[in-house]
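Next come two complexes built around chain A: one with chain B, the other with chain C.
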Partner chain A sequence: MLRFRYRFRQRNLPSAEGTGSGPAGRISKMRKLVTALIRHERIEGKHPYLDEARGYAERLIDEAVRNGDQHKPTMEIANYWLLEKDLLHKLFKVLVPRYENASTSYTKMWNLPTVYPGGGYHMALLELRNNPWPDVIPQQREVKNNLINVLIKAAKEDHEKNQQLTEHKQSEFTDQSTDTGTTTSQSP
Partner chain B sequence: MIVLPLAATKEREPYHPALAYNVIPVATPTHDQDCDDKQSLLDTIMSNILWAAVPKHRRSPTKRLIRRNGYTYVRDFMTPKKNIVACLECGHYHERHTICGNCYEKVKEETETMREAMGEDTRLYNQPKSEVVFVYENEKPEDENKFIVEVDKPRPEWFSHSLLTKAKTR
Partner chain C sequence: MAALGNRVAALGRIRLLRSSVFIQCRYSNTLPEATVEKHRKSKLAQDPEESETESLVAPRDYKYVYPEFLPDPKPQYRDRIREKLEHEDMFRRRTVLKIPEFYVGSILAVLVSDPYAPGKKNRFVGICINRSGHGLRSQFTLRNVVDGQGMEITYELYNPTIQGIEVLKLEKRLDPHLFYLRDALPEYSTIPFDFEPVPHPPGATIPVNPVKVKLRPRPWHERWERQDLQGLQDLELPERFYERAREVAKPWEKYDLMKQYRESINDDDAAKIMGYVYKKIQELEKTKER
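Moving on to the complex of A and B:
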């Protein structure tokens, strides 16, 4: 089960490993990226390539989490996707316990800042959740006491107060009008 | 089969058959077809000329300039960007959909030192079979079962204390 927003159709990536590498080159590239992700837990690269590899990595971890290392087909899949075999141990002994009770996706993706003039590519960052490296975006500081936020809060309170007052006045006015209406209709 | 005329016979028949050949007659060229083959003098001259492509419409100055200088490049690099925001942590500008470049540089530097502390062999060839925990100076690991990597420096403080303390408390 993929717990992130993924593309409906695959990208063909015709020049994944040089021009004319074709579908075989695409799969080869995907295997290399998945292997690198499991090893380094955080990789940089071109956005479309990483986005494409993300689905394969998620699926691989998901299969491992659900079936365990005693399941033969899962082991075959892991053996195919992980080109370096020391990572098989990592997948089943480190990542499976880490994501056993996960309710979110296993990976996370960020857009890297654009460089000008740059190579004409959108660069991205793909990482496994709960990795040992420092956070990409540090914990946000409390901005409740910033001057602008204090002023906005005060303005909001004022606005709400005024609105309540006007509503109260309007209700009084409408009550009077209805009373007069009934009296005039009854008089003749 | 050749049928001879019956002229030699004494009793001449009023209607005798015509000469016949033992081959199927082939259609001979007619007068009309000869006329079609003839080409006029103008056609013979013009057929040897190769027709060149020539502009059919005049190019307007706008089209001409766009063709020469490009449009997409101008649009991409010279139109003002409206999605630029200031980072809440460091104040550097970055596009709204991206992470802050300045903050990420610090993270990258720190990650590099951590990777060095981990060692090349562990990182590239023998991944540890348990979770990795980085322990800085003056720190103690919480769980001894995990793979502990010691870093020979104090844990970095991402932000100075003066930013976090209120002005009144000084």
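Moving on to the complex of A and C:
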């Protein structure tokens, strides 16, 4: 079962491999993209193409995870989709153990800015989850326990404490003054 | 006044004036789409028993034995509540009518009530050439040749006029449909109405009939040479037909994983539905034993 939002209708991509390449060109392009994704684990390209290829890559990995390498039809499918045959080993020996207990999709997609000047295409980035590359959006380093931050935090707490004390004293002073005011007004 | 009433009724609602309060009454038996949509999204519509059915695992071939319980894979036609209600209706029908297991290629006899037939009943015997539809709308087509005339009747499986379905010979064929029998020699689809039932021991594997059908010479209903059909003899066509078939062939569809995924109910969903069906069928069998 696919664990990401896929389109209910496929994109026909009529000129995937040049004008008029048709459905055969589309599937050929998809095979190249799936092979590249399994090889490099992170690829960049036009959004519609990668979005289509994502479904095929997910289904291929899902079949491999479900059926394993002893299942003949699965091996035939993998042989069709992976143009470079050394990737068959990678699929069954690296990716299947990686995604055996996955509860999310196997791939992830990111939007990239349109390149200008250029074709004006909506660009995207497609990657396998848990890949060895650095994160697309880098995780911020934990700086909470740096010495300077610890000192600043302590100083801030100190300052707040002092401020509360002075406020308390001031409020006591004003309370007394209001009390005296009321007594004087009542006396005449 | 009546004209006004009609005009308001045409809009789907009637407004009654009672002590200066407008009460809107629906006269029709339909609900507004917005109400249905609200109910679909409501938490009450989520099935609380779902966790129980998950644990029940149906045998692997259940989706081939009861294909009519699988919903239409087109997402725009799916509605979980309607599917559930239809399943309830189907099980209720199964309590009064025994709907046997059969496949394309099996020989069936169907008894339907017919007000114009003598005895008000009509029995038709034929070979099942197709099964289609989903849920309550599932159908099967029987074909026979009567007095040299090819006859086909499409029955709805859950039609209340059906009084009985009898499987005379339980077997499968090499293809998912047998529409090519329309262009075949009549002996391949001629079945006598007094066909003796062939016993099938329960639990035995369904035999596959490997017969190869010989077609009449062209013209045909379809270009059978362009379809990947196993149950056909050599078509004896000129070479140009096969060349054209090779040109328009789509060999990649066999590997188009997303196309297959979009056009079928995926394994997880099917297992869930079939677990529920398995439970219900077992309950039905228990009540019949009593």
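Note that in this section the second predicted complex is superposed on the first by the 138 of 188 C-alpha atoms of A that agree within 3 Å, B and C clash if a C-alpha of one lies under 4 Å from a C-alpha of the other, contacts with A are read in each partner's own complex, and residues count from 1 in each chain.
Methods note: a contact is a pair of C-beta atoms (placed from the backbone, for glycine too) under 8 Å apart; a residue touches a chain by one contact, two chains touch by 3 or more.
No experiment lies behind these values; they were computed from the predicted model shown.
When the two complexes are overlaid on their common chain A, residue A:87 makes contact with chain B while staying clear of chain C. Applying the stated contact rule after C-alpha superposition, one finds that A:137 touches chain B and leaves chain C untouched. Residue contacts after overlaying the shared chain place A:11 against neither chain B nor chain C.
In the superposition on chain A, contact of A:98 is made with chain B only, not with chain C. Of the two partner chains, neither chain B nor chain C is touched by A:168. With both structures placed on the common chain, the touch criterion links A:23 to chain C but leaves chain B unconnected. By the touch criterion defined above, A:39 reaches chain B but does not reach chain C.
Between chain B and chain C, it is B that contacts the larger number of residues in chain A.
Within the superposed three-chain model, A:3 lies out of touch with both chain B and chain C [touch as defined at top]. Contacts of chain A with chain B, set against its contacts with chain C after fitting on chain A, share not one residue.
Those residues of chain B that touch chain A in the shared complex are 77, 88-89, 94-95, 97-101, 103-104, 107, 110-111, 114, 123-134, 158-159, 163-164, 166. Only residues 1-2, 6, 8-10, 23-24, 27, 52, 55-56, 59-60, 63, 66, 77, 80-81 of chain A touch chain C when the two sit together in their complex.
On chain A, the positions that touch chain B within their shared complex are 39-40, 42, 86-87, 89-90, 93-94, 98, 110-114, 116-117, 125, 132-138, 140-141, 143, 145. On the chain C side of its complex with chain A, the touching residues are 75-76, 250, 252, 255-259, 261-262, 266-269.
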